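In what follows, a structure is listed as structure tokens, so that the remarks can point back to it.
Here the chain labels run A, B, C and D in written order, and each chain numbers its own residues starting at 1.
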């Protein structure tokens, strides 16, 4: 995966994921706050569940595709782990990346079971996701032996984002539905995504002009650049949140909740369940 | 303890412990969720307590046996700490392992007192167990001086499992009865058990083919292998949880709770106590 | 910013900020405790909000001024990041300091939106401030390459204060309105401010007598000196708290709350809202 | 303070403190649990407060004595910090120890104000104590430059105890009255006390037989020895807790609570206050 594309691809996934989460949680929070205006029309408990199931399925699908791609793409190991003829491990990088995808697919399965059935406690989806992020960081941590200073440094910056995200998701096990944590998670996911792109640009510059990987000034710039990415992701999350909040309010005010009385009783009970989650 | 058996033995204990915990907590959680179906027939508060007492006794018994084995087995120090004739410490390894067992026996005693009498606050059993795991990790941490790179690395992986477990059990002091933490603890216990086996295979391969302890690729493989162990333990816990949950439900649905009315009043009060723990 | 003034200026800001916070939170806590004496006259919910808006605006204003000063002052980079003629980064120090100010201005904006409108969840202002402090520490951490031992040491001491503060503010996301955390934050802010002055005195002594930056005894003295700063800031916060508390009480006792009945109903509701924040 | 006595003295203080805390919290917990038996006779809220005031005063007294002793004893610096004739810092060790005592005296003052008046929020006494322990560890941490391996190692072990205690006391800010944390704190205080004695025996053996400070086996033994101290302090706390619990119960059962009705109303209200702390 040592190529520009190899960093841009996961980066794009995390960027899309971050935007999606920002949108989802902002929308849900806006509907929860404006219940008096009849906002349950926009996001009933049943529709929320359907959305979660779809999200989990997509996560599962893409991580399985990722695993297969790592194994069977051009230079993949094709499920062969040890090359007995030459006595060395085969394509350890691909195997490591496949392992990362494996944990995200496990998180997808857990989330699917949690939201599609009633059998499993809710908090397990967050736990599985926290483990997936932790595992990603863990593998990256032992991934960096013998590389150049700047190469190591950009990956360490990535680790800050990944481990913070693991921690935030783990905190959500205890503080589920805390909008602050959810927005922080979204911002960190955006950060991770845009930083993957940055790593691609630094290590495999498409323009051809190589960076000096041992220059200390480059390292100082990169550190600062990471902070800019964080600021940008905070601004993106903040802007999106405000936009969605305004949109929900204006739409609720335009159309008075005449059909409120038609809500089935069962739906309302689920609604009040939702509050106590 | 520098042998294959010396690692396989504690590994098996932790594996059995992890499976046992998974089963116990899954079963209790299933009965708590299905109270409307009269599940208290299956696990009354009194039977839960009896189970805890038995578990603590077994833990105490095996850790005392472990201590005695470390002291009086073939090459043990036989309670002699300092060899005055040669002016050096005697069998420090055995003493260290005995100390580990000592803390698990302390945890066993605490748990026994907590569940057999009313004198002691509940949370103390978790605290004692957290200290036992912390102590295990602490001794391993200062155990690794001057070993080969891969030897150190596999033990560091073990420390991740041990210290995470200590942390999770410590969190249970404040979040007792949180099924997410209980299942995470079970998974980490399984991980620790299977990793002991893995260490045995890497450092003392029964097949005879030695690992190159200084090869960086081996280290990278081992890191990934640790993640696979984690994934496997997560799958095991997940599968077991779902199986037990289904079994409890189907059994409860087959046999309607006719005898519900016969529950003694005292038992029910204990039941509602249980909720507020 | 490598000058005495360059350290005294931010130091003064943090000192003023710390004193301001101590005063604000002490006053609010005193009014909350003395509600029975009609203390809502002194600090109604509406006036609290107005104060927060003013505070946020000032924070925003000064951090924007700081950013502009870093960019356009005498030797600033004037928004030019890369010097293409000489192929090196331009004035990275100034850019780093501007980045620090950027995050504080982001925190200011967030706090302004939180307190001036209802659109945004309350806890976000603490989150943004925690990120601002974390970011400050993060940039300082990678700022210290290749400096003298004592120079590094005094900055490490600073990092203790900065990261502790980031942590305390992050804890406030979950424990909003906890007076203990608020006073701790004020004390750490004072500590940071006075330590900036101390750094200025050590690295750029106005008296002219230079410190030996490689002497181990100096390092030991500096460590102890940091503790004295902490003690002094604790005493300042403690003294100020007690003084304000006494002043509020004596004033409330002097003027009996005759006008209590005139409070508008809406105000009272906000008051009780305040309790449940 | 580089002498056997210099370590035995603080060790004895911590030992006495740990025993005292164990007794106090065990007794209070026992009376709280046995309220139905009229245990408020044994420990009313007012008597608890009086005890806290006495404890704080003693703490303040002894830490002030400690400060004075460090300054004015035989070789003390007598409040002189810098020796201008020889251009070096004077008796930095004594100043550092005095600083440690200073923070404990601050904690004493805070606790005194908290319990003797109503002006200050309760949690501040725990915060001040957490800072006192943190500060102790912080100064020790930068105290160890250029010493022998074993000397550093025994002090690192001490740091584990000190920083854990700081953390536990900080947790008590949020979980006040949690008996598990209180007993853990007592155990860690005992551990710290007995470890000070151990350090004295290792570095300044009264028997005269010197330890080889560079031998790795000694280091391994010391690590294990620290675990034994921990086990011993756990056993001491556990035993004391059970003994006090039994004593309270048996005494309450012997003397039926005939005088219950005579309790003044005000006292009872304080009692119920106590529950909600």
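Keep this in mind: a residue touches a chain if its C-beta (ideal position, glycine included) is under 8 Å from a C-beta of that chain, and two chains touch if they have at least 3 such contacts.
Values in this document were obtained by computation on a predicted structure and should not be read as measured data.
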Centre to centre, using CA atoms, which chain is the farthest one from subunit D? A
For copies subunit B and subunit D, work out whether under half or over half of the interface numbers are shared, and give different or same accordingly. different
Chain centre separation in whole Å, for subunit C relative to subunit A (CA means): 32
So the centre of each chain is just the mean of its C-alpha atoms; given that, what is the distance between subunit B and subunit C in Å? 45
Contacts with 2+ other chains: residues of subunit D: none
What pattern do the touching chains form: line, ring, star, complete or other? ring
All pairs of touching chains, each written as two labels joined by a dash: A-B, A-C, B-D, C-D
Which stretch or stretches of subunit C touch subunit D in the complex? 29, 160, 175, 178-180, 183-184, 216-221, 223-224, 227-228, 230-231, 234-235, 238, 241-242, 245-246
Within their complex, state which residues of subunit B touch subunit D. 88-89, 92, 95-96, 99, 102-103, 106, 110, 113, 119-121, 123-124, 127-128, 131, 135, 138-139, 142-143, 145-146, 173-174
